[in-house]
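Shared between the two complexes below is subunit A, which pairs with subunit B and subunit C, respectively.
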Partner chain A sequence: MKTFEYTIKDPNGLHARPAGLLVQMAQKSASTVKIARGEKTADLKRLFAVMGMNIKQGETVTVSVDGADEEETAKALNEFIKSNF
Partner chain B sequence: MSTQKPFFSRLFGKTDKPSSDTAEVLACPVSGKVIPIEMVADQTFSQKILGDGLAIEPAEGMIYSPSDGVVSALMDTNHALGITSAKGAEILIHVGRDTVELGGKYFTAHTREGMAVKQGELLLTFDLEGIRAAGFDTTTPIVVSNSQDFDMEKAGPGAIAKGEALLTLRPKN
Partner chain C sequence: MTVLRGEGVSSGIASGKLIFLRRDAPSPVRREINDPETEISRFNEARNEAIRQLSKLYAESRAVLGDEHALLFEIHKMMLDDLDYRESVEGLIRSERVNAEYAVAQTASQFADMFRQMDDLYMRERSADVLDVSARVVRLLAGEEVSMPKGSEPFILAADDLAPSETARLDRGRILAFVTMRGSKNSHTAIFARTMGIPAVVELGNSLNESLDGKSVFVDGEAGTVYIEPDPKTESELRSRAHAAEERRRYFERFRGLDAYSPSGRRVLLGANIGSPQDLNLVLAAGADAIGLFRSEFLYLGRDAYPSEDEQFDAYRKAAEAMAGRTVVIRTLDIGADKQAKYFELPQEENPALGMRAIRICLTRPEVFKTQLRALYRASAYGNIAIMFPMIASVEEVRRAKEYCAQVCSELKSEGIAFNSETQVGIMIETPAAAIISDILAPEVDFFSIGTNDLTQYTLAADRQNEAVQPFCDVHHEAVLRLIRMTVENAHKSGIWAGICGELAADTALTDTFMEIGVDELSMPPGNIPEIRAKILDR
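== the complex of A and B ==
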């Protein structure tokens, strides 16, 4: 399993539109992809689960990728999150 | 016995086709004008990244539930929400473009995340003129985020009243 942490810098947090792009990217992966903040975890392949987290600026999320393509998936997601949030 | 057809099919001698009772009709959540999703200025919607559907240019500042279901996501800023329908469609309603930047101003939620809702129940109100005056496009995409699971029939472009059929979904096998 690969994990990385990121603190959201976008003043609008992880809102619907870019969250959709992130979910679409996660859906392309063969691995299980999760996003966590504190106690709460969501399936990063499900838009509604991610939106329902209401992740805000200043909050730190942990993304975990578990599966065959975890290396590439974690790298791609990390880059996307860094440049968009 | 496995080849036996359902009662009505036997009664009317029809072949097995997807019956209309498996279809789900999503009611238009707001009166206004239907706009093809491909015409929405926001590429995330026009390229169907968040799913297929339609957009409405609202004529009033009210969003009603398109189906029976559960409010499965409500943004804190009340500009977007997700309803999971009783038949499993995940319906995203996003009022306006870039309206997340309003930080909740002009929007009021009349529901909460996790609440069961009925078709036609009031979910959100918003100050349509205020949002327009603040310089925001109020075109409201209504998309099914798991649209890949359904065959979708869409209402034609033009005027539509709230409650009229907007999208008809038939589960794919």
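== the complex of A and C ==
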């Protein structure tokens, strides 16, 4: 399993449009992808679940990727999150 | 005459017959079904058709609304594809043996509630999106279509609310304006109306009701008022205002796309002043030749921590790409004075306008400054970016700022990151000091941009935020005009260009003076560009 942490810098938090692109990216992966903040965890392949977490600026999220292509998936997601949030 | 008051979200005056959009509210009746699997495949057929429609809508609305706004329909598609959404609908059909229409409507209201309960405004607005896409599926299941009122005459559309997808499809040739009971200023619907140039008033509440259907009305999208069957006096006032506004718009339209030249044959670029990439649609709609002032503060204000290099890079690149080769002048951080951000921990000052601000802060906090410069240079590989330093008062400051540019360029080079090594570097002329020594500043830079707002307040020693001294703040003061002339002449002596990016740039009383002085660029709020272009070209 690959994990990484990131603190959201975007004033709008994890808002719809880039969040949508993030979910799309996760959906392409063969691995299980989760996003967690504190106790709450959501499947990163599910848009409503991710939006439902209402992740805001300043909050730290942990993304974990588990599966065959975890290495590439984690890398791609990390880059996308860093440059969009 | 009745006057309804709401929130004006898109300006313009329109008059015509008020026609209500009639559509069956997507609150389908619950029916028992026998075969859940058949019902689920009905749902999926409708869902797939809805996705096809949304793809089409996305493609069509890109031209009208621009990529940024059109992306909303991509999100709508993803909502319909979402597993939680699908599982909820299919689960209801299976467990409760209900019809697909009902299951979709139930799911929509559950998800909409989830968004409505969130504490931030942005997320609350998303409930409209879930309801919008779900209503589409329900209509497809029921074989209904929302059809715009028929008839050949253009009209004013009234509705309880308009979904973003409905607004994007409004035919500008037939819909003179729209008015709604609900809605809000920051909704996509409002933003779309402004982008499409359709006058609109929202939040009219129950005063807007179907008893008004067919009545003759006037809509003032700026004031947010709707006049129902206005009395003759009001009507003739409104008509002449509408007529004058329309005449002006048509007149300005004649000059769209034409390059502006001064009487002596000098090309004058008409640039736009913007505060965030969200304004790019307005810039393109106004037919701007360039972005003459992109204020970078939006990246720093209203938050708790410094923006990252990548975040800044993204915003700058977006602007550079949207302008497709036209110049985008980005002003480096101009914080301090009336613009404060807590995390900068700036000390309280007796006299902030004469205190630590803009380049003064940047030069004492090289790490903040260099992060911004790196983002700017990286973005320079994607279009025609020019970097501009604010609040310059000495040659030394320019040299130090340029030293940081050189450091950043050599770092990027050694890291193998692409950037444009020819990126123009210029300064704001907004202190009297800079104007007076513009002859020795000019050889140091590629351009000047005169910030008339600060230049005026510093020259006249009159605070522009102090109501009491407004009589002393004569924006046409000879002292300011002399400084402008001097700056432009010194720029030309060194072979560089000089523009104006303060409020004076859009002052039609001075356009002729600026032409005579030889100003190379006037940068202003996008909405003023058509008027100034006409002013320069029509002689």
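Assorted remarks:
Note that in this section the second predicted complex is superposed on the first by the 85 of 85 C-alpha atoms of A that agree within 3 Å, B and C clash if a C-alpha of one lies under 4 Å from a C-alpha of the other, contacts with A are read in each partner's own complex, and residues count from 1 in each chain.
In this text, contacts are C-beta pairs under 8 Å (C-beta built on N, C-alpha and C of every residue); 3 or more make two chains touch, one makes a residue touch a chain.
Only a predicted model underlies this, so the values are computations on that prediction, with no experimental measurement involved.
By the touch criterion defined above, A:A68 lies against neither subunit B nor subunit C after alignment on the C-alpha atoms of chain A. When the two complexes are overlaid on their common chain A, residue A:A30 makes contact with neither subunit B nor subunit C.
Of the two partner chains, subunit C is the only one touched by A:K9; subunit B is not. Residue contacts after overlaying the shared chain place A:R17 against subunit B and subunit C alike. In the superposition on chain A, A:S83 contacts subunit C only, with no contact to subunit B. More residues of subunit A are in touch with C than with the other of subunit B and subunit C.
Contacts of A:G52 after superposition: both subunit B and subunit C are touched. Residues common to the contacts of subunit A with subunit B and with subunit C across the two structures: 12, 15-17, 20, 24, 47-49, 51-52, 54, 56.
Of all residues in subunit C, only 71-72, 74-75, 78-79, 82-85, 111, 114-115, 118-120, 122-123, 126, 129, 302-305, 307-308, 310-311, 313-314 touch subunit A in the complex they form. Residues 9-13, 15-17, 20, 23-24, 43, 45-49, 51-52, 54, 56-58, 82-84 of subunit A are the ones that touch subunit C when the two sit in their complex.
Interface residues of subunit A, counted against subunit B in their complex, comprise 12, 15-18, 20-21, 24, 47-49, 51-52, 54, 56. Subunit B makes touch with subunit A in their complex at residues 42, 44, 49-51, 72-77, 80, 82, 84, 90, 92, 94, 100-101, 113, 145.
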